[in-house]
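Next up is a structure, given as structure tokens.
When the chains are written out, they are named A, B and C in that same order, and each has its own residue count from 1.
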Amino acid sequence: MKLSIADIASLTNAKIIGDDPPKAGFITGIAKIEEAKEGELTFLYLPRYEKYFPSTKASAIFVKPAFKKTRKDITYFEVPDPNKSFFKIISAYFAPKFPLDGIDATSFVHPSATVGENTSLGKNVVISAGCKIGKNVKIFHNTVLLENVEVGNDSMLFQNVSVREECKIGKRVIIHCGTVIGSDGFGYTMENGAYVKIPQIGNVILEDDVELGSNVSVDRAAIGSTIIKRGTKIDNLVQIAHNVVIGEHTAVSGQTGFSGSAKVGDYCVFGGQIGVAGHIEITDNVMIAAQSGVSKSVTKPGTYFGAPLKEIKEAFRQEAHIRNLEDYAKRIKELENKVAELSEQIKNSLEQ
Amino acid sequence: MKLSIADIASLTNAKIIGDDPPKAGFITGIAKIEEAKEGELTFLYLPRYEKYFPSTKASAIFVKPAFKKTRKDITYFEVPDPNKSFFKIISAYFAPKFPLDGIDATSFVHPSATVGENTSLGKNVVISAGCKIGKNVKIFHNTVLLENVEVGNDSMLFQNVSVREECKIGKRVIIHCGTVIGSDGFGYTMENGAYVKIPQIGNVILEDDVELGSNVSVDRAAIGSTIIKRGTKIDNLVQIAHNVVIGEHTAVSGQTGFSGSAKVGDYCVFGGQIGVAGHIEITDNVMIAAQSGVSKSVTKPGTYFGAPLKEIKEAFRQEAHIRNLEDYAKRIKELENKVAELSEQIKNSLEQ
Amino acid sequence: MKLSIADIASLTNAKIIGDDPPKAGFITGIAKIEEAKEGELTFLYLPRYEKYFPSTKASAIFVKPAFKKTRKDITYFEVPDPNKSFFKIISAYFAPKFPLDGIDATSFVHPSATVGENTSLGKNVVISAGCKIGKNVKIFHNTVLLENVEVGNDSMLFQNVSVREECKIGKRVIIHCGTVIGSDGFGYTMENGAYVKIPQIGNVILEDDVELGSNVSVDRAAIGSTIIKRGTKIDNLVQIAHNVVIGEHTAVSGQTGFSGSAKVGDYCVFGGQIGVAGHIEITDNVMIAAQSGVSKSVTKPGTYFGAPLKEIKEAFRQEAHIRNLEDYAKRIKELENKVAELSEQIKNSLEQ
């Protein structure tokens, strides 16, 4: 890989600064600032990584215009968002290819299923009766789709993914290893001292451009559909129960869980390890910090934290009060002493 | 699918109300109240869904006797538990069939293993030496059982399930995709600055009528058995460590975790994302709310919440106090001012 | 299996106490104290299990020298650490063999991949182009390695494991069922109202003697490597995000999660369900109790707990204050009454 300084600047609309560009005029690779070697391109975005700047071996670096360019042996690319420019270079030149060639002989496609052109199926893939797989789809080894599953064009399912019957997967969807789509929701009634299973006869719909991490569990609806809408991204080990609906362009971090029938709006952001109760609604543009517990509906856009959930400023204020409890306890004790003393003084003065 | 009004009423012991039953006298499907179309049957159970009643397109609905039947264009079925009656209709007429036909040619059954009659094995299933699989069992594609695993009659293991050697699975057990039974427990001793693995030589026993969700991890015992007893239901992504014993007819919601050797009684209910410490005991009939932390044994039936765990009323009272901290801090400050003022007054009066 | 009393004592440097050793002079098995049968060996370590001593059927037992040997029908082995001695016997005589014979005909090894001698591949295993698998490796059924994965000598990957391209696995590494190594990190930029994926072009490095539980998710680095260092042990359902580095000989309990670029030192111990924020650093020899939330770097060795994280003594002190809130509120109210009363008295006395 050889990228010219000019090509990099042109793709990212960067201003080139530096008396001494890389000798060959080429970049041979990319790396993090603390790991970059000679010839490599890097970037500086978060201030906490500036400590690596004096010693980085990188030959070129994306920086913000205001950055102090104290070294003369590095070529600077000035851009408003060094991280985004760096990612643009990755996408253009370093994106992985995910090779998979055609329909492997060990894969199974039921005669009633259809597979679009230029779609690849890895080893031991199972495509059951009635499935409809679009064009340019890649389904990796040992992934299993039960009956009547649909997968839209340009989607990618990595190895060991499980999709249960009747689930619908949109276009450009990415599903990572070990993830399960459409398992039965957790629904029972208690009859004569034993749980009786409620058949879960709905499905899961993943709209276009959804991405699901690894070992995610998305349950099928009891009836109707569990839905993850367009452009939403879900991290690893997330639990999505039956009949949950998650809006468009929402991001959910690892190990968060949504209980049954919870509804989430568009453009929300969830930190990790959050729990969301069943049957509640969260409006659009809500950000919730990690480890929160959401037990009631959130009707106002904003940033929230805590269990029970509060606006984040209130949560921090409450935390400060809790930190001060030792002080409060001491002051109550002092007040008690002081009041006892005053009481004594008054008693004495009245008796005089 | 065509269900007569009379059949529905008869199966659920419902009282039919309505001058104007569906024209054809038939129900053609079932749906949630907000999604039902003409000809479909629905139900109203939680008050929060009553808002959908005026506009539902459903032709028939299960309701409680007290419900105000303001619409004349719907057939009402009066029943004490509309949700249970609705589920009964699902079970009777709409339950999925899970087709799987015979022993697939790509599955492997070790010569020393036995497979009961009418049992189906999907593609690439692996049944290792010494396994005993009962009758009417369905094991879906790419599921792997190591040596000497037993599976009772009428059980169902979905795709990509992993069962390690020596584990025993009862009758009518359901295991969902991606779940792992019998992985090594997390046991080490530290010797000369490095962890040394303690061989985990026990197994897992799942008794009859247990159901495990997707991506659940149940570790084998270090020695003896990790046991999930009869009728207990476990949701997705739950962690069950080595030597845990969970009683009968207990329900555990998603992402909850039990540490090693924890013992749980019968008829308990766990919310999601609860953590249970090792070596503790929880008695029968204990309900624990989501996100709690259980670090000590629970010896009294009841409803609990919090970390540390408290009886739920006490937990709510404590939460109220925490909410009031701002007020308490203000009142302490006011008391201090007032006391200083009184002190000054007394001092002055005594000096007079 | 027949073990002589002398062999057990010799392997564990134990002192034999007991007038009445097992009649046959042999031990035929091992078991927990509450489950042991005649002829079996057990141990007593935690005081809470002493209640089973009077009734245990075990014929021999590891105990500490100070233990009161009130029963005459048991052979005692005195050792400083009864649990460790018991585990030594397990390792020597009862460790499982994990049979797997050669390269199964249904496994796939790409012509460009290499597989060391005495390595076994189970059914439907996929070893993609460029992989380098060492000697004495066992890879169980349906496990899939994408391109250029390396696995060191004597490692073991159980069934249904997924390893993505370019990941490097050291020697004597154990990976349990359902675990995913090298899935894409959770990285996007928001462009024109939609998330755009940042290609994740790094990899995962698992150093020698690492063990990962079941259903663990370890994401590949955005760029560079996600690293789990030598001797570190990770329990089930743990989330390890992109570019995380976990030091040597660290132990992480189930359902804990590390956000992107978090760095953890050597000899740390994490309880279960802990959340660690992104880009923070935790120094060596830090112990963190279960369910904590680590939002800032930890620069001092010690034991910590809580969310926000505190030294454990401070966390317990704070918890005590919270438990006392009811009392504090009552005392504030009493002070207010008392101060009002005093104020009245002073007012009256001044008016006199």
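Operating definition for what follows: a contact is a pair of C-beta atoms (placed from the backbone, for glycine too) under 8 Å apart; a residue touches a chain by one contact, two chains touch by 3 or more.
What you see is a predicted model, and the numbers here were worked out from it, not measured in a lab.
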Mapping chain-to-chain touches, which pattern fits: line, ring, star, complete or other?
-> complete
Between chain C and chain A, is it the same set of residue numbers doing the touching on each side, over half shared, or a different set?
-> different
Rounded Å distance between chain A and chain C, as computed from the means of their C-alpha atoms = 25
Tell me, which residues of chain B touch at least two other chains?
-> 124, 142, 160, 178, 215, 237, 255, 273, 322, 325, 328, 332, 335, 339, 342, 346, 349
Spell out the part of chain C that touches chain A in their complex, as residue ranges.
-> 108, 124, 126, 129, 142, 144, 146-147, 160, 162, 164-165, 178-180, 183-184, 186, 188-189, 193-199, 201, 215-217, 219, 223-224, 237, 239, 241, 243, 255, 257, 259, 273, 275, 277, 279, 293, 295, 307-308, 317-318, 321-322, 324-325, 328, 331-332, 335, 338-339, 342, 345-346, 349
Could you please specify the touching residues of chain B with respect to chain A in the complex?
-> 30-32, 35, 46, 48, 83-84, 87, 90-91, 94-96, 99, 106, 122-124, 140-142, 158-160, 174, 176-178, 209, 211, 213-215, 231, 233, 235-237, 249, 251, 253-255, 272-273, 290-291, 319, 322-323, 325-326, 328-329, 332, 335-336, 339, 342-343, 346, 349-350
